[in-house]
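One structure below.
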Amino acid sequence: MGIHEECGVIGIYEPRTGDIAHDAYLGLYALQHRGQESCGIVVCDDGVFCEAKDMGLVSEVFDESRLRSLSTGNMAIGHVRYSTTGTNSYANIQPLTVRHTKGNLAIAHNGNLVNSYELRHDFELSGAIFRGTSDTEAMAYTIVSERLRVGSTSAAVINAMKRIKGAYSCVVMTATKLIAFRDEIGFRPLCIGRTASGGYAVASESCALDAMGARFVRDIAPGEVVEIGEDGISTFTDNCKNRGRICVFEYIYFARPDSVIEGASVHEARQKAGELLAKKHPVDADIVIGVPDSGIDAALGYAKESGIPFGLGFVKNKYIGRSFIEPDGASRRDAVNIKLNAIKSNIEGKRVVMVDDSIVRGTTSEKIVRLLRRAGAREVHIRISSPPFRFPCYFGTDIDSQENLIACKYKSVKEIAKSIGVDSLGYLELSDVHHLAETSSCGFCDGCFSGNYPVNPPRFTGKDRFEERIHK
Amino acid sequence: MGIHEECGVIGIYEPRTGDIAHDAYLGLYALQHRGQESCGIVVCDDGVFCEAKDMGLVSEVFDESRLRSLSTGNMAIGHVRYSTTGTNSYANIQPLTVRHTKGNLAIAHNGNLVNSYELRHDFELSGAIFRGTSDTEAMAYTIVSERLRVGSTSAAVINAMKRIKGAYSCVVMTATKLIAFRDEIGFRPLCIGRTASGGYAVASESCALDAMGARFVRDIAPGEVVEIGEDGISTFTDNCKNRGRICVFEYIYFARPDSVIEGASVHEARQKAGELLAKKHPVDADIVIGVPDSGIDAALGYAKESGIPFGLGFVKNKYIGRSFIEPDGASRRDAVNIKLNAIKSNIEGKRVVMVDDSIVRGTTSEKIVRLLRRAGAREVHIRISSPPFRFPCYFGTDIDSQENLIACKYKSVKEIAKSIGVDSLGYLELSDVHHLAETSSCGFCDGCFSGNYPVNPPRFTGKDRFEERIHK
Amino acid sequence: MGIHEECGVIGIYEPRTGDIAHDAYLGLYALQHRGQESCGIVVCDDGVFCEAKDMGLVSEVFDESRLRSLSTGNMAIGHVRYSTTGTNSYANIQPLTVRHTKGNLAIAHNGNLVNSYELRHDFELSGAIFRGTSDTEAMAYTIVSERLRVGSTSAAVINAMKRIKGAYSCVVMTATKLIAFRDEIGFRPLCIGRTASGGYAVASESCALDAMGARFVRDIAPGEVVEIGEDGISTFTDNCKNRGRICVFEYIYFARPDSVIEGASVHEARQKAGELLAKKHPVDADIVIGVPDSGIDAALGYAKESGIPFGLGFVKNKYIGRSFIEPDGASRRDAVNIKLNAIKSNIEGKRVVMVDDSIVRGTTSEKIVRLLRRAGAREVHIRISSPPFRFPCYFGTDIDSQENLIACKYKSVKEIAKSIGVDSLGYLELSDVHHLAETSSCGFCDGCFSGNYPVNPPRFTGKDRFEERIHK
Amino acid sequence: MGIHEECGVIGIYEPRTGDIAHDAYLGLYALQHRGQESCGIVVCDDGVFCEAKDMGLVSEVFDESRLRSLSTGNMAIGHVRYSTTGTNSYANIQPLTVRHTKGNLAIAHNGNLVNSYELRHDFELSGAIFRGTSDTEAMAYTIVSERLRVGSTSAAVINAMKRIKGAYSCVVMTATKLIAFRDEIGFRPLCIGRTASGGYAVASESCALDAMGARFVRDIAPGEVVEIGEDGISTFTDNCKNRGRICVFEYIYFARPDSVIEGASVHEARQKAGELLAKKHPVDADIVIGVPDSGIDAALGYAKESGIPFGLGFVKNKYIGRSFIEPDGASRRDAVNIKLNAIKSNIEGKRVVMVDDSIVRGTTSEKIVRLLRRAGAREVHIRISSPPFRFPCYFGTDIDSQENLIACKYKSVKEIAKSIGVDSLGYLELSDVHHLAETSSCGFCDGCFSGNYPVNPPRFTGKDRFEERIHK
């Protein structure tokens, strides 16, 4: 998979001061799949903020001494981030902490604004300076500017939400309050739970609540603002419009299978995708396998519906990480072979159905298919548990360029199948994605498949244009 | 799993000089599961040895500059190691390189000798000094002492094998030859393949041949010595007695499922274990799940045989490694919860069959069962794809103390079941393990289950005793 | 010495694009003595800024790959910093880069503002947010706010200088210009030179020009603004009032002896201090020694004037850095003994004059005297090449608390001499400091000795108060 | 200076168990100038050895956790090493710990054997294997082989000393004893002192005794063996022949000026060298300067004898270490300029006498002279406080090749002077070196100047030849 979610957020509010940084750390560990580039934690200790953040995985950024260096406290927020801005983007690492006339404010943001250029421009005209290039800094400015006019940060957030457009599931921390809010479309998930000691925890996915020892209570509604403080929890629904439209790709790929989002189990949604695939694209075969890790759930669904036995097709080398030194081009070795190895006894002489969650450029799929052929597969049929990507996403993922998408390059599914060397290829249909999570209280955004976006795309598009402007 | 294999070895011989260190690196990556404590590579460049080794994973020990610092060459051997001797054991990291009157010799060893105390003692009486505490140094001494008497290293190895007792699958490198050999019982696996450029590769498991781009040819026979040099490959069968007895736990847990050992697929052996379990210990249930990663294969077998559907029970957090900071005792959080999380939608209200490969002390099993109960499991039935551990292993694993083994602590399986809180518990029977890999050309050592060892245990047992002697 | 300068700055402007980061690196190496806590470089490559900065020494922050990661360019600024704000002060590391409506701006600042509280407060009231706690961020805001009103950054700087009060020697970089300026008092030094390729270099001290291969041209005048761009160099003297008053402690301790500041050699000023001490506080003795490294220059002057031979009193262990693990209290060992060791053959039986640059708390002096006694000194006479510290400094050093100053604790010099165990003690007189650098075109600030400050101290004093306000 | 000492050693024996590793650490810090490539400490805790060693400076190898990982104990030995064998020489890092039939033995060695090839060869013929390439391993073998024949390690050392030839000042540690010994020529220094708690300390130089809080007692005599154990100290003089001949370059350059060796102060010896130079090579000049750090002592002597005032010529950048990234050749910058900067006010228009300890290849001297010329020196006269190097050293330094020595390249001193661009050049005369340390109880080895060696050079010379043999 060449597609990345851009972020995950967590927040905790406890009635008593304690080693809250370690809880935040456990929560971030559970959300690591949502962003592997940088991470950070800000702890609030009786009004004083203490932060630690850096480029790298949670396991790389936090060792014992760094975790201890974060003081004890009763509130914390944390963030994991994926971005494409390169190594010198320290100023963009979140949570972002700012100091303003009414005090300190820390913010962690999952999503992407579509009007950040306009927001920055307006602030700059009034003399504002920006330290980084992220839309989150523009969001912080907007909240702070509203805070000067109204009596509380929650009220400022409610007002700010009318000015910021796009995808945002956020946690904000002040000296005394933890505030969580979600854009009115609800592109990205955000849920709330109770901790074992009677406090509250907020997280992008319920699996992080589990990791922090908190019990899931409910999703935060699209447009809702939740404030947690000494007097308990309050909710503000001023910006709640109608039924939101969550990103369907959260179910298909981004979220962890053990998470429950908008009332629907992610694992079940994937299994359902596999079942639907089996109905729409049946094939005579001997074994159904999934591409680890994300293709396994849908493969089980395909096997169940089709009656073809499920089996393990590959062993994934779990020790290969970012420091793995790829074999160079001259060598006959290929990194995919090292990361995945076919279990020959399951493949040899078989007609294989291989289920994966998506195809982006097609190059990885092509290599995996070759692995199966080399292991003796008689036929290889790929089933993809999502429709073809045809449009960029502006709401918090990096599906950003039509040029690289294999589904834009070829006219028909058959041509794609041919290019990656398979006997057949079947995608999920666009109409099917709305059945993946029927218990879900939400509608879906399927813009990357349909080009139909719930919010207008940004007028100024393309990271490059933007970067250029602010540099010159 | 609290049980560790002690080592994995690889060797490569190419007709031409090249970037052989990178091939060795890929091979070690594939064997990382056999030892995570230290690793090393020795390259032979026209007779000159160049080595790099250190404590840590392959990914930690080798970065690009270190890999480049190993010169090009046409031969290399490598080793991954698990041991219990602590941080200051640098002298024990393998491959071990020694210099003697006839030249240099490097050796990588998987297994454990039972007469290393006696060997060391005899050498010391003649003035020998040892730098480390490993049995491998005694093995090197034995080979070198024979080398002084005979005309080739292969002949020296053949003679030395008559003096060293226990488990050893080894690769030895001299200035011009690569020699691979295996003890006459064949406790540990060792196989040979052809590289794409017409050379040879040797490895503990066939998955490493795949990673090095080599084609599996055959297992090296118990007692066999294989010599590879400029004139091709020669084999010496002087020490081949009768049918060997390979460690059955290689099939059950140690080896990678994509490896083929002694003609039998490891994945199939595990699936077979699950089938046998289903026959011997059937139960009415709604779902069969495996404990990741090693319990999945057998769970598929159990599901197939029993007809109960297979499902995913847990998500394993793949980012948790050695640097993970465990929650402390005071916290209500538990590291097992962070590493594994139940997929509630698959568990809630269900009667669950959970398949795992073994139970050592029972503490981890107990915690995993608690995870399932908390996720709403109505019943939990554990099925273990091996017989109970009752005896120490002296042949290259760390099953070394009867005191900690839960099967020695309790009299009956029922009592064990009660202690870990499950509704039922079923082990594989001792007689069954001989059916796991029927295509295997070898018999099995089942000493850890039966106490029946193919070679007498060491007279001087216990690492502590030995350490004490050499230190005082 | 327990006193620290707070910063050093450099800037380079070359006619052609090249490996300018490495030149900046060499310049920062030469200024490392002015700040060891963090450092950074920002390169401007055709209008695009590329930065690298971190906590640590220049040697720790920059390795080859990080230096290479800074693109080539034709302009760069750099900064070394000492501060007391702890580990989580990443937001305060300089150069500070900000983005505003007219483009990017990077700033490096040596000194300390006295009205930064008021500046921040005013900006915050208009909605500004601050990322760090440094006065430099307030300075950046002031410049940017002026930039919105006027047509060039130089004009903005000239206006801003009327609003910011205190000590500042700065370099600012925009997409096309390098601007250097100094407060109207000229507390901290700043000089300019020509590079070998016809460009310009700016630095806190001339020793950095030497390191960057640039030829010293002149000091930037107190109040002067110098702009360097495609069309060459321009100077603006709008804010030049009368003769400035440079910090006299730059001559006594902070600056490197090979630097020339305001037309006076630092080494000669120190030697002169020693001569004046010899005149005012003569003593019969056998040898004059200096406390390495900073007491050596004045010791040579004392020896010259008094006729008593100069000799080496101590060997300083040059390998002891921040990672040195101090012996604990229980041990009889003392870190001072490890860092300095007396050369017994020069001390034994002698009457010793020991010259040092200052006494802060007196504890280190006491230990050094004990070293001499143990080495057999018959008499120990200390001569200090500065007057006693009696007042805090608000202009860029950390002489900040009267409680710890030994000269505030004791009433007379005699009492101080007794407390540190010497036979006699002599300080430089306040009136003498004005004779140290008579060729200097500048007057002196001697506030830390006299309490007589050229600019009023801040109304809101004390780092603690400030920190508290912005945190709550 | 391009010349390196090869090692420094320390040993401590305390009556009671304690944090002895930290004392050893302080001792090694004081000897860091004798070897910067690797270092190690072995602690003996009630007979059990615990060791830590690695490539790097003492400050890099030992952090707090590593120092703590060395258990408490009552004995320790330590070593700092310089060598030329490259990065993969881990097996050569000292102290070397070996295990033999009578127990454990650790050894730390300063010096170089001339018959290690022959010793190794003999041992190898009897089946011995070597792990590294150092002569110290051959020494360990010799001691162990004698230990099998006699009743104590001290007796074994006495016998072994008859078989090993060359330079060795060593400490050996067994489970109960600390043994220090020195070859019969006494090439390298070794002294003994009493610790504050009534124990004993041994070190290459007295400055390390000072650092360990021990009081210097006496030098160990050439040929002497000193044993320290529960029953106190014993001395064996079986191998003490006549007056030894210590390396005169220890006085001129290697040792620290605060050390006292064989009754003579190193600082005084250097000052004396300067005085002798002033007598033999007077010159009319305005200032005498020394090249930091090692030329300062002799410069003071030259100034004293000649009456020409001593002054500071250079500031040395104390932050430049191994991680400094040198400017590349294309740049006009030169690393020497960054490391040393001339104090122009002392040099401009002056006739300068610059004193240095030696000239090896002449390239560095040439650059330093250019620095002085650029700073405005009217004349530059170099005085060298040693005779010209004309012969290799086989006894523990790396003066190993005549080809690179400038004194072998040119016929006359005048030619050398011309090649490095000075107005005059004067060396110390060979006969003078015997007057440097007249209180010294020892004679001198001046082989590198005279070619007259107290022990025959090795028959098999050249590291290359040797390396080749053991590799093929």
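Worth a mention:
As written, the chain order gives the labels A, B, C and D, with residue 1 at the start of each chain.
Operating definition for what follows: a residue touches a chain if its C-beta (ideal position, glycine included) is under 8 Å from a C-beta of that chain, and two chains touch if they have at least 3 such contacts.
Model, not experiment: these values are computed from the prediction.
Listing every chain that touches subunit B and subunit D alike gives an empty result. Chain geometry summary: the mean Cα position of subunit B and that of subunit C are 60 Å apart. With centres taken as mean Cα positions, subunit D sits 37 Å from subunit C. With centres set at the average Cα position, the gap from subunit A to subunit C is 47 Å. Residue positions of subunit B in touch with at least two other chains are not found. Interfaces, counted as pairs of touching chains, are A-B, A-C, B-D, C-D.
Contact residues on subunit D toward subunit C in their complex (touch as defined above): 19, 22-23, 25-26, 29-30, 32-33, 57-60, 62-64, 67, 196, 207, 210-213, 256-258, 260, 265, 267-268, 293, 296-297, 300, 304, 309-312, 314-315, 317-321, 323-325, 327-328, 331-333, 337-338, 341-346.
Contact residues of subunit A toward subunit C in the complex are 47-53, 69, 87-88, 90-91, 96-101, 103-105, 121, 124-133, 140-141, 144-145, 148, 175, 470-472.
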